[in-house]
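These notes open a run of structures that come right after.
Across the two complexes that follow, chain A remains constant while its partner is chain B and subsequently chain C.
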Partner chain A sequence: MWYWGFKSLLSQPLALLASVLAAAAAFLLVLLFEAVYAGESRQIVAYVENSPADVWVMQRGVSNMHMATSYVSDWKATEVARVAGVARVDGILYLNTVVAAGSARWFAYVVGLDPGATRAGPWAMASGRALPRAGEAVVPEAFAAMSGLRLGDPLRIADGEFAVVGFSKGTFSMANSVIFVARTDLEDLMSSLDILSFLLVEAESGVDAAALAARIERQVDKVTAVPARQFVSNDRRMAMQMGVETIALMTVIGGALATLLVAFTCYSLVARQRRELAVAKALGVRSGALYAAVMAQAGAVTVASLALATLLAAAVIPVVASLVPQVSLALTGQSVARLAAAGVVVAVLAGLWPARQVARVDPASVFQS
Partner chain B sequence: MLKLVWRQFWLDPARTLFTAAAVAAVVAVILVLEGFDQGLLRQLRDAVLQRRADLIVTQAGVSNMIAARSILPQFARAEVEAVPGVAGAHPLTGIPLIYGSHDRRTPIFLWVYQTAGGPQRLHAGHPPTAPREIVVDRSLAVKHVLDVGDPLVISDFEFRISGIADDAAAFFTPFAFARYDDLIDFYFESDVAADLSSFPLLSFLLVELDAGAAGPVVAARIEAAVPAGDVHLPGDLAALDEALGRTLFGPIMRLLVAVAYVIGVLVLAIILFAAVSARRREHGVLKALGFSSRFLGGTVVVEALLLTALALPVGIALALGLSRAIEMLAPLYLILPVEPAPLFRTLVACLAFSVLGAVLPVRLIAHVDPSRVFGGT
Partner chain C sequence: MNADPVLSCRHLVKVFGSGHTAVRAVDDVSLDVRPGELVLVMGPSGSGKTTLLSMLGALLRPTSGQVLIDGVDATALEERRLPAIRATRVGFVFQAFNLLEALTVEENVLFPARLVRGGVEAARPRADSLLARLGLEGRRDKLPRTLSGGEKQRVAIARALINAPPLILADEPTGNLDSSNGQAVMMILHDIARDEGRAVVMVTHDERVEEVADRILWLEDGALRDRRAETHAWAVDPVCGMRVDEWTAAISRVHEGVRYVFCSERCLERFQDDPAAYVELKQSPVTPVDGEDD
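Moving on to the complex of A and B:
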């Protein structure tokens, strides 16, 4: 019966192709939704991940950067620098706000840098200067392309106007594009003096980051010190947690749609092969074997759809990234694995109704027409 | 033609039901995605309008309320209140923070208020009145299993939940509401700096006008008197926040809706293809009896349109049900699946893709050879 199952599946290749395409599109919807979250989560940690700090120090009770507010008195940077095992400390001031260039507006993280704080600045440049001086800003090249910005053009942050002196790479996303300005400028914008948001600590060679973080927390009052790896993981986990419900819901909706489509395909096949099924039953083939054949058909359509959806996603994502640079997409093995697990449920559910139809086929009906 | 199509529907009611359900599901998915987009924008708009001000003063150069950081000098309040036509200027501060419990972290937006701008719709409890009381959006309460009376620790500062608010979220972020006295304690207890004036204490001023005072006139007076601030009509500021939301979320939502439309076309195509394929013999007979391919193709298009028309109300009902279910499970999201413009767009698009989906089956009919019907193939 397995052979019959696959032969009948392939008897109408166009119909099969349309079914696989439709179910694949439903799965693709789920994959794209997940890709948006994965891409954004990757970008959310881009700054933290690319900054060469071993330990991050911040306000007590804060343990990540994305969407967080942290204030640390700037003299604490000196205290941290005195802790044994600390090679260097760079402080940044940070503000999430809306920036404007011409008529384009975008949500951005503005990082205020001290002169010479090259390690806290952009990690890759497309053009121009990486470290802004007073009255200057470094913006993501994707934002520049979107808003038509050229080097030397003005950029507005609140009531401050900045001249764009550099375009950075890898710093753009929907949730947190990173713009760099001089710390003194950001202090003016925030009407805040003598404070920092985060301290980027470089450990001396051979010093363990976790041990150093613990030592900083012991010796410097009311700060949180987090090893860089954990800091990145905190931000990434929080970003993904923000999307957990929507991803789950989209998986259920897309999965339900795919179930319906695969079930429809199998149901159509069963309806078309009713005579053959009746003959098979009349010849003594057991219902169990027929159910298994129908389930195998549902499984085959689901597997083909999943594979096609994954291929389509892999092909579509780079195209979308180049056409719509403001969307960060990333296809991860995890999301494909999760969808494959959902596919098993889809295949089983999709096979149930057609299997019921098979059970109802009367072997005597073959002699009636 | 219509009669023929109708009879075909009744030949196999289970199949018709199945196909209508599939089309309805596609309609529902499109409407839910459109509704998701509409909900995001509505939340952004409501976040401004729910502050219930006649005018809103922001930091000069800041023209958004959500997502933008506005910092006004503290003396701005007295300057605004001195302007003729102003009955009062209520301070409001917005601070993005992270709330974490049991290894789960959620970004929240803390609104600190004194006399206006607090939570509008309470699901349970009461607004903050006693020290350290806080109201949180229901989405945060559901996600972290919080209730009225529970402690809420943010940046090592312990609040106590006095109320749970409905519809208090925007930008994927639940809101919380606390009083100014607690903000001062929050800063002191966190020991963030020796000089409290270094920290943002005032983001916006919610201006209440004297009875009969004209908003635009008073706005111009405030602009002249307070150079550190910009004045906005709430509707204008809400529109700017909505426009920002459209810029940020628009490309992603359009991409997902486009995929949903592609699914719609394919679903219609497979349904009709399967239906036409199953009726190949009948079509052969009809052709042999003199019915033209054009007529039979027309029946397929009518079948597609009728099927879609029948499925649309079911799809709308399904979308409404799905939206309510999503909002119950994840109250952070507001889903508005039947907003007039997207609903109309979806209905027209669905009818269009039902015709598009009929293209392949119509081609199949054109290739049916009447003579083969009598040959038994």
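Moving on to the complex of A and C:
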């Protein structure tokens, strides 16, 4: 019966195309929401993910960087450096604040670097210098493009003014960008001296990061030490938690819309085929086989819509990313898999309504001319 | 005609509705149809022919009575077992052809074969033979919408025969066909009964079919009745004076013990407004006359 179901579906190509396009639009909407979510989530942890630390050390009780505040006295960097297995320690000062360039204003992580802390700075540069000196700042390339900043232009961070000396790559997101300044400048802005936020610890070759973190916590008072992999994971989890409800709601709305569209398609198809279904029943086709045919039709529309939506998303996302660089988009396999799983639910739900119609078809109605 | 009946029904009754609104559509019908027989069921519109055919084909449960198809009591079977009976033991031919529009001629013919053991592959040689026999060889890849009415009905007949059922039920198979196509379809059904030994039960209004039928059953008010010897019983509509076949007339009323037939609802309404005017002035006794005479 599946064969007949598919042929019936294909026998009305325009109606099928309209339905697939409509359902694909709903699925595309879901994929784009997911892409924004995935892209932004990825960008939020970009700094910690790209830093070469093996262990992150911070104020006791803090376990991530995103939206967190941490204060560690700078002499603790020396104590950490003395722990067996530590090869190098770089301290950063860190502030969440608003930066302004002309009329453009943006929320950013401002990272204060020591003069030699090259490893805690930007990991990729578009142009200019990576390590800022006093009165200088390195800003994301996307931020510069949006605000029209050029090298040498002024930039306001809180109540301090800086000269832009470099444009970094991969450091921008809608939620937070990363701007690098000299640590002494950030200390001025924060009116605090001899304070660091995080210590980036490099382990000696062959030393296990988890064991080293545990050793640091034992030997240095009032700090939390977290292996880098765990730290990135903590940050990502925190970032995801902040947007997950919104995205989940959008996904449910998009999924519900797609379900309605696919269900309506199958419903109209069954309504148009009512007489043929009665004929099939009269000829001896079991209702179960007809349900399967209707479900297969719903499944086919859903699969076609999902495939089209995925292809469109793959084509649209790079275009959107180039046109709107401030938006971080990422089409992940996980998003597509999640949508495919939702598609199964959509197909089943969408098939139930028309299947009910099938059950009501009276085979004796074939004699009505 | 001594073989066991392919189709047998006993005291078949179908009542629609209940209480005051109950309608006895089929009333105590019993009949046997044997292999090779072509039986016509005729009668006025609304006499219960289609309801009877639906019950004979296991499409509709009778209120009471029994239907045996090829020895199987369809009335005693559970609902879920009936599709298999219809697929293997009954072939249906409809007035409106009822082909599946998305499938080609060949796929339509083979459609019921998907429902039985062996499936399409086993049935393909028989489909080839049926298509050749019914003059459809060159049309096998065509869609139904490209066929003429006669071709569609031949496809429907091939579909009805693909699983070699012992019983063919046809509902007005010539109703949507012109004279020559109708004649051709009739002869095919006649040959199916005579040459293949299948029982064919056909509901029809087509008088030309009577010549090839083995038996004619007359159904009136849901019950089988003796058919009168005459071909027609012409009566005159008392309102407009039009000649109406009393046996097939759908609109009639009994007034003071006399049955009057009408050509239309409009004439009936006028009659009901003032029966006396028409009875006194234009009453036409029901006078059986020869088919072509006045």
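One rule holds in what follows: the second predicted complex is superposed on the first by the 369 of 369 C-alpha atoms of A that agree within 3 Å, B and C clash if a C-alpha of one lies under 4 Å from a C-alpha of the other, contacts with A are read in each partner's own complex, and residues count from 1 in each chain.
Heads up, the rule we're going with is that contacts are C-beta pairs under 8 Å (C-beta built on N, C-alpha and C of every residue); 3 or more make two chains touch, one makes a residue touch a chain.
Values in this document were obtained by computation on a predicted structure and should not be read as measured data.
Three-chain overlay on chain A, with chain B and chain C fitting side by side and no clash. Touch criterion met: A:L283 reaches chain C, while chain B stays clear of it. Of the two partner chains, neither chain B nor chain C is touched by A:A145. Contacts of A:P363 after superposition on the shared chain: chain C is touched, whereas chain B is not. Between chain B and chain C, more residues of chain A are touched by B.
Between the C-alpha centres of chain B and chain C, as seen from that of chain A in the superposed arrangement, lies an angle of 80 degrees, given as a multiple of 10.
Shared-chain residue A:R275: touches chain C; no touch with chain B. When the two structures are aligned on the shared chain, A:S8 is found in touch with chain C, with no touch to chain B.
Look at A:V320: by the touch rule set out above, it reaches chain B but stays clear of chain C. In the superposed pair of complexes, A:A22 makes contact with chain B only, with no contact to chain C. In the composite built from the two structures, the nearest CA pair linking chain B and chain C is 6 Å apart.
Overlap of the chain B and chain C interfaces on chain A comprises no residues.
For chain A in complex with chain C, the residues that touch the partner chain are 1, 4, 7-8, 10-11, 275-276, 279-286, 363-364, 366-367, 369.
Contact residues on chain B toward chain A in their complex (touch as defined above): 12, 15, 18-19, 21-22, 25-26, 29, 32, 59-64, 67-71, 73, 95-98, 100, 104-107, 153-157, 172-173, 190-195, 198-200, 243-244, 247-249, 251-252, 255-256, 259-260, 262-263, 266-267, 269-271, 273-274, 277-278, 322, 326, 329-330, 332-333, 360. Of all the residues in chain C, the ones that touch chain A in their complex are 50, 53-54, 57, 59-60, 80, 83-88, 92, 94-96, 98, 100-103, 107, 111-112, 114-115, 159, 171-172, 175-176.
The touching residues of chain A, counted against chain B in their complex, run 12, 14-15, 18-19, 21-22, 25-26, 28-29, 32-33, 36, 59-64, 66-69, 71-73, 95-98, 104-107, 156-160, 174, 189-195, 221-222, 234, 237-238, 241-242, 245-246, 249, 253-254, 256-257, 260-261, 263-265, 267-268, 271-272, 320, 324, 326-327.
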